[in-house]
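Going in written order, the chains are labelled A, B, C and D, and every chain counts its residues from 1.
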Amino acid sequence: MVFFTRCCLLIGVFAFGGGSVEHLHAAPPEPVVRVLVAYHSLTGHTHKMAKAVAEGARSIPGTIVNLQPVNAISAEQLFASDALIVGSPVYWGNMAGEVKAFFDKWQFQFGVFPEFKMRNKIGAAFATGGQRAGGKELTMITMLAAMLGNQMIVVSGGGAFGASATTEGDSPGLDEQELARARALGVRVAEVTWLMKQRHMVSKDSHTTK
Amino acid sequence: MVFFTRCCLLIGVFAFGGGSVEHLHAAPPEPVVRVLVAYHSLTGHTHKMAKAVAEGARSIPGTIVNLQPVNAISAEQLFASDALIVGSPVYWGNMAGEVKAFFDKWQFQFGVFPEFKMRNKIGAAFATGGQRAGGKELTMITMLAAMLGNQMIVVSGGGAFGASATTEGDSPGLDEQELARARALGVRVAEVTWLMKQRHMVSKDSHTTK
Amino acid sequence: MVFFTRCCLLIGVFAFGGGSVEHLHAAPPEPVVRVLVAYHSLTGHTHKMAKAVAEGARSIPGTIVNLQPVNAISAEQLFASDALIVGSPVYWGNMAGEVKAFFDKWQFQFGVFPEFKMRNKIGAAFATGGQRAGGKELTMITMLAAMLGNQMIVVSGGGAFGASATTEGDSPGLDEQELARARALGVRVAEVTWLMKQRHMVSKDSHTTK
Amino acid sequence: MVFFTRCCLLIGVFAFGGGSVEHLHAAPPEPVVRVLVAYHSLTGHTHKMAKAVAEGARSIPGTIVNLQPVNAISAEQLFASDALIVGSPVYWGNMAGEVKAFFDKWQFQFGVFPEFKMRNKIGAAFATGGQRAGGKELTMITMLAAMLGNQMIVVSGGGAFGASATTEGDSPGLDEQELARARALGVRVAEVTWLMKQRHMVSKDSHTTK
């Protein structure tokens, strides 16, 4: 029964909506996926990672990427995105205060709650830190935790919890392997966002998460 | 271009596939979403929560729920699921050893790696614990972390990180509010899984995550 | 051999230092333990918890407690403390941005690194949040993680990871049980700090952590 | 007043207890600090790290180190230790099931609760994992969380949260830098344990944590 309704709806939208495939192609707006890459960077490392993340996301056709420092992001930019990837340097085993302030702003300035305006957007994280096992995991996990609290849908990519780079020690700065992981995160997020987004475009039915 | 192909495919499957809606309804296999609810329970509290989670998931039409103790789950059951919701009592701020052994089995017995056989399945968690702020969050977060490492797509529901219940103190056992959160988690996971699954059924194109 | 040296040292300080017990009592400076309770509070809940933590610490004789909002704390106040207890409301499963900025300041303004100026001080945490299992644990854990990165010595108290209060729901605001946990945290930190501090006063030998 | 009693006690034990330094040296039992290094190892990496941790602890005079696989440790061995350092390989972003089972045994077999028999013992952690940012931090943090729940006193060493090694990638197995970190953890734990332990030996007064 549910499936029946859904099929009808699909046909309503796609087949009966126009007389020809060409018309059909022209009628609906070109689908896009909007990925917002938000970062804070003092030394430039996290910015460089952010650019690689953006590059990865952009490599998926139809994906529009907005790359912004966290303090420049408006409520409109945030809520217009289909996916959000946040990157931070590690300060004391956690995201930078600037990035934390960005998340807090969602509540205090952007009015994300109680409507859960970020609900069902895709979320992911990346981090740079001076030391191995020096807080990059916790930094990514706490950013994902903030996203889960917003009812976002969370993925990893380029690593177990997201993409990360160790910027001191044997391999100072960012090496190609670390940038490749950042690009992989961008690709992963864009792909999962497409999986979700197209579904929304194709059919609106009772299963849609309320 | 991509969109064009996709539309054709949609029409191929749904509209041109048959002459009538009845036929159309009959033609493709009935879509289902399979949710596996895995739990460990000693006192029965987590089992009770698991049943409420299962009930919530089942309330979404077309959702088939399999409720199993972690030690009874086979590789086939695990890999056949579209979504996995794992529940554990809190033992020392973390999932029970039995639940940890279940995750470890994925690697050592089920051969999940290196193909990432759980990739793109939906994952979520719930927990029961004697005390408030006594480890339920960490228990859920560590289960979600295990899922992220498997490239699963992770959601919360019924709470910031999943559904949880405090089984001692002022309100011993499980109260209706806690069971309602467990049901909400089941609903949430089934809905997000539908979002992803239908997309797969409707269109297979170059955006599919490889 | 080591013990021999140590005993001699002890005798040097305590027995040979004066001719009588009265003199001995008068000679060394009265020992004190200094506990800094640092908090951020918007609604007043965390401030109220902080006052109960301070009260608990003060109940241990010889303990001097300094209660300050995070943004009012100077480097001198921080480094003069023997113990630090930090409290934060939960914003998105983590400490408030203001509290994160306080920790970041240690590095950027107070010059704690690379000497690890907080090394061997006792550290603990407390948190207030609207929901159960809504981030209080992660908030405390991430504050303790920041302390561990500073080579502080970390304890819980009043709960598995520190004292916490749920400020919404069935029991809005802070109830007596929650304030009792806050006081227990203060007592616990003062006691452990005495354990460490008196040892330092009594003997300085080769075992002292360098 | 408290200080007065304490000084008298010190003199009673150390100065008035004997007529000469030699006698004094002979009289009290030789002080020792007992460090238990507990590990699980499948490939041998974590065992090798454990041996380096033990070596570090042993380098502090008077420190007796017991190195044991987790499944071989008895309640007596556990409770007789002044400090416990636990090491685990990373399985899915968390300690191995075998290590989790060890912690769970404290409750179910060793009867640690409700007396909190591990209270005030020093605790620390180390981890080995195949990937960078692949779970070593979470593995250490969750072991420290289990210790905090037991009212242990927790330290880092050899890294922000403990000592860790990345066993795959550019530098397979354990390199000298990683083993040096493991030794540093052992040194750190032995030193902090001495700080606490000597204090207990020197004076028993009202400040002792109950």
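We take it that contacts are C-beta pairs under 8 Å (C-beta built on N, C-alpha and C of every residue); 3 or more make two chains touch, one makes a residue touch a chain.
Keep in mind that what you see is a predicted model, and the values were worked out from it rather than measured.
Comparing the contact residues of chain B and chain C by number shows a mostly shared set, over half of all numbers used being common to the two copies. As a whole-number value, the distance joining the C-alpha centres of chain A and chain D reads 41 Å.
Among the residues of chain A, those in touch with two or more other chains are 93, 134-135, 138, 141, 145, 148-149, 160-161. In terms of which chains touch, the assembly is arranged so that all chains touch all other chains.
By the touch rule above, chain B contacts chain D in their complex via residues 91-97, 100-101, 103-104, 106-107, 134-135, 138, 142, 145-146, 148-150.
Only residues 1-4, 6-8, 10-11, 14-15, 21, 24-25, 30-31, 60-62, 120, 141, 144-145, 148-149, 151, 153-157, 160-161, 188, 191-192, 194-196, 198-200, 202-203, 206-210 of chain C touch chain D when the two sit together in their complex. Residues 93, 127, 131-138, 140-141, 159-161, 164, 166, 170 of chain A are the ones touching chain D in the complex.
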